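Both complexes below contain chain A, partnered by chain B and then by chain C.
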Partner chain A sequence: MSTLTQTSPRPRPRPKKPIGGWRWAGRGILAFLLLFTALPMAWMVITSLKSQLAALQYPPQWWPEEVTFENYILLLSPNNAVGQEFLQYFWNSLYVSILSTILGVAVAVPAAYAFSRFRFPGRQMLFFSVLLRNMFPAVVFLMPLFLMMKWLGLVNTHGSLILTYLTFGLPLSIWLLKGFYDNIPPQLEQAARIDGATRFQAFFYIVMPLSSPGIIATAIYAFIMAWNEYVYALTFLNSKDKLTLPVGLQRFFAEYATNWPGLMAASFIMSVPVVVLFLVLQKYFVRALTEGAVKS
Partner chain B sequence: MAEVVLNQVVKTYGNIYAVNHVSLTVADGEFVALVGPSGCGKTTTLNLIAGLIDISGGDIYIGDRLVNDLDPKDRDIAMVFQNYALYPNKTVFKNLAFPLQMRKLSKAEIEAKVMSAAKVLDIVHLLERKPRELSGGQQQRVALGRALVRDPRVFLMDEPLSNLDAKLRVQMRTELKRFHQDLQATVVYVTHDQLEAVTMADKMAVMNGGFLQQYDSPKNVFDNPVNMFVASFVGSPAMSLIPLEAVSHGTDVALRSPEGWELPLSAANSRKALTSTTAKVVLGARHSTVRLHKSPTAGAVPGTVYTVEPTGDVTFVQVFLGTSVVIVSLDPSVMVEPDQKVWIEFDQDKIHLFDGATEMALAAA
Partner chain C sequence: MTIHVAHRSGAMPAPNLRRKPNLFQRILLHWNDYTYIAPALIVMLLVIAFPIYYTVELSFFKTPANLSMDKKIFVGLDNYWAILTSKSFWNVTYNTLIWTVFSTFFAFVLGLGAALALNREFLGRGVLRAVLLVPYVISAVAASYVWKWLYHSDFGVIGALSVQFGFTDRPINFLDNIYTALPAIIVVNIWKEFSFAMIMLLAGLQTVPDQLLRAAQVDGANAWQRFWHVTMPHLKGVSMVTILLLLVTNLNSFIIPWIMTGGGPAGATDIWITQIYQMAFGRIRFGMASAYSVILFIVMMLLGYFYVKALTRGDEAKVE
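So, the complex of A and B:
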């Protein structure tokens, strides 16, 4: 206490931190990285707003003289062939991504919970074998999976993709969520069970809300992975009305090779759901990755 | 409220007995403390009563119901956890309301019950806060409130005070005792702190290594410990235990130390010593029953002061009698120095004798 009364009540001027060369170097690197990632995207957006002619001009127009939204209108209106095709791909992608996300969460949540809470024979082995898939590049499984899908009669269905994406997304989801459940004290569930909840209710009312950042993070991860996947979609699907956006877009390139603004508009629309999802939920994503990593 | 009966309760993990054939009866309205060092099986026993872990053998009754196979939710019990286990994403009100919601009470009933419990515990002003915005003492009250809110048949408490700072712990101890008196609640209370058990409980069950050692009132446990473990566990500072050898001189028995001094025993104590299975007898003495002399005295044995610990009210002195240590409490006005030669006199009516082989208390045959 005596030390408190002795210090002067006037706040001392805060000493200015010297801004060293390292600090500026760090900022320089960050600025460079920002340009490196942001510029292509900016160019994509700018090009998508140009007319066909303006896009091919040299030297390029850094900013379109005549901003036009006709490419977007063309892609998004269901009244013409291009729009119909594009929207079809878009819905296909949305369908596949959302379904594999929902199924992924539905499997990962109880699996992670079981790994975290229950001791059963083979638990360690199972838990690490979950990671086995991630030790190999995805293409390694292309042929085996294709043959399996053929055998199952799933080739050229969205089911084949959903199943595949599920197996690819689950390892990380399970590991991430298990970290979450490990950090939730089991006494909370015990308290809930004594308070009159069944095991499932204790999980549903108490544990699951606490792990929602983890669930949201795994959902985003699963969705983005499914949304962007190209190789498997290209291999498993062949009829035009089933294609997902990455593959569909690539066909677009082939068919409308010279229409750069159109392609850029399509690319931009494709990135919108992911960007929106990420912006809205990013705080959960960051929390999940840090919380899961550090044990209290 | 209801009584709790444990009958030959066993919990094993593989070949390890966490709880080994424990039988005890907690009478309706009684406050029973399960005490023992960590790993003694006290928390496991509590969790068995709660139904949080499955019983391996024996029977548990709550009231007249056999609850062995009942889920925790059907046992009509409430539990206060060491870390309080408040639901972090719910407000205090919702924490208290949760057990009532699970029992499908109407909104009005829930509101009324939560308010009345909150009033009893003086937490009405905290109802809209989240647990992390509360101090340790407040969290403790909320945890108690969640147990209180629905009139359970038995309260189970797992070291509820151990996360509080020393001052608050003493205060909450008083409040818990008052709470028990007012409610006439059946309470089973787990603690490693024998002082908590002695001050609050009607009866204490001392456990060690999965076995129930002694189950009696704190006074009886303190005055008549059944074995050396209980003797050394209950009481602070612990009872001094001095291993000696019984030698008989005619009908009288004396205890001889490895150093050669002999302590003649009274007739009653001689009879006790003779029941020992071997000649090895351990003398037990509480600090308050031992007298210290600064000069040779008849019936006193020689020793050397090791440390002097003044606490204000009393000064504790550790005296080495050869290889074993005796703790003596002295009036602070008495001055002794480390390494000083002193003579220790035991009160023959208050010493305890234990069988050196079985470690059990010796009683007159």
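So, the complex of A and C:
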């Protein structure tokens, strides 16, 4: 893990050798993948800086002859209809993602702790069912949940999304957090218990603070998944002022069909929060992704 | 181990150690443990267990179009029969197979290549890894629109570039051609998820002991032999998990085909999930769509079995 998390660069004595064919192959792969990854994103940004007329040209302007920020201004200024709509979607996405993340993590923390520490009957079976949830396609849940929301009168409310995002947020959070708790030595709590702490106190005052990196990582992961979620939002919401960004983007595309620069600008704005979160907390994110899968 | 358990759960050790408490007694002994998982359990029953049960139930019924479920009619296995004998099912299954297998294969191979190449210190390694991971974290909806624009039939940059370099004399209409549509969206899928394989395998590579590689080198093994006989065996477990997760993700993927082609042209990119969604919320045939979901669900369970096995290799040993 040390090189992955880059906390302590390990001095590796390497035989001094001329760079061989394999290393060149490695560089070739990396160069190819860098282009493959970055070029589409670069083209998104370049297009978003063009006027509509400039974007619809053949052959394309490889670099905009006239760089304009009009698309971003249009989307982000609350003084026009498009901007109002877009900012509303943005706010809806933020609101739904944050609430469902908090709810999911709050429920998952004690459960994950119990799965990690206690040996109650049914533990294995319950934990397997948590794992198995990852296997179920979202559509298996979509129809019953839609009917359920209809019965509960939650169709076309944000409540329906906050609740249904737990179908993927909760099992994921339990799984990730259990991995983090497994790595905290139980001796710490045992020491606290000997000093007279109750079991809950030991959990709350000793384990919780130690696992805060894990909780942060899990929360980011859950937030990103909720932010990007599309299928439930597409199905449960229908009024314009309720939509979240992914569905709003589609709406935008249907309404302003040829405004590709505007669509690219919207895609860019939508990607900014998750990319920033990811870059700032990359270490935790990578750990969350690979937690559990790699056992040394 | 028994004493350990009793100690942790805060109960006194049982006076008679030879007699094992029965299930009911054990549950009573651990009642406090369940309060920790109770909230999660309730939520899971509500949003996961009930939907699974209800999908299976609905799959045996013909459902009315207004979705008032008290008027549903029991039809037995008719829904399943209708699906399995329809011509479109096998066409869609074929597309699903192509989509899943090719996406998984290339995402894994590219991810493995990237992981091996990144598994040494060099300037800008961290930045490079972060850039490669960006497609994985951004929204699939945004990614689909970006690629839709890249593939655009008149103003798409890919068409323009292939003309520029002289591959074709006019832009190709990738997404409206029954032969190129599926490969085109598979490329997008690979773009989106190869870095997931990369990051998993990169973590797996940390478990390969350096001494072993150096010992192999001293013994005269060349780069390929070191990779095949030392690195690969250590990557076996993580590769299994990665491939299974990719298979599951790809079987479940909806957004890229739905937004980029909507299953078209002429059903060329229709996969199970898009078909089910179309059936349920386009034609409002919940019973039929539920039966379809159950079929998919069975395939998933087979994969799920291997997934849990691969993931809990270490865990089993710890508990026993």
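The criterion applied here is as follows: the second predicted complex is superposed on the first by the 262 of 296 C-alpha atoms of A that agree within 3 Å, B and C clash if a C-alpha of one lies under 4 Å from a C-alpha of the other, contacts with A are read in each partner's own complex, and residues count from 1 in each chain.
The rule is short, and it goes like this: a contact is a pair of C-beta atoms (placed from the backbone, for glycine too) under 8 Å apart; a residue touches a chain by one contact, two chains touch by 3 or more.
The structure presented is a predicted model; accordingly, all values stated were derived computationally and were not measured.
When the shared chain is aligned, no partner comes close enough to touch A:281: not chain B, not chain C. Within the superposed three-chain model, A:140 lies in touch with chain C and out of touch with chain B [touch as defined at top].
Measured by the number of chain A residues touched, the leading partner among chain B and chain C is C.
Once the two complexes are laid over each other on the shared chain, residue contacts for A:107 go to chain C alone; chain B is not touched. In the superposition on chain A, contact of A:210 is made with chain B only, not with chain C.
The touching residues of chain C, counted against chain A in their complex, run 5, 8-10, 23, 26-27, 30, 32-34, 36-37, 39-41, 43-44, 47-48, 50-52, 54-55, 58, 67, 69, 110, 113-114, 116-119, 121, 126, 128, 130-135, 137-142, 145-147, 149-150, 152, 154-155, 157, 160, 163-164, 171, 191, 194-196, 199-200, 202-204, 206-207, 210, 217, 223, 237-238, 241-242, 245, 248, 251-252, 254-255, 259, 273, 276-277, 280-281, 286, 289-290, 293, 296-297, 300-301, 303-304, 307-308, 311-314, 319. The touching residues of chain A, counted against chain C in their complex, run 1-4, 6, 9, 12, 15, 20, 22, 25-27, 29-30, 33-34, 36-38, 40-41, 43-44, 47, 55-60, 107-108, 110-111, 113-115, 117-122, 124, 126, 128-145, 147-148, 150, 163-164, 166-167, 170-171, 174, 186, 199, 224, 227-228, 230-231, 235, 245-246, 249-250, 253, 260, 263-264, 267-268, 270-271, 274-275, 278-279, 282, 285-286, 289-290, 292-296. Those residues of chain B whose C-beta lies close enough to touch chain A in the complex are 50, 52, 71-73, 75, 77-79, 81-83, 85, 87-89, 98-99, 102-103, 146, 156. By the touch criterion given at the top, residues 185, 187-188, 190-198, 201, 205-206, 209-210 of chain A touch chain B in their complex.
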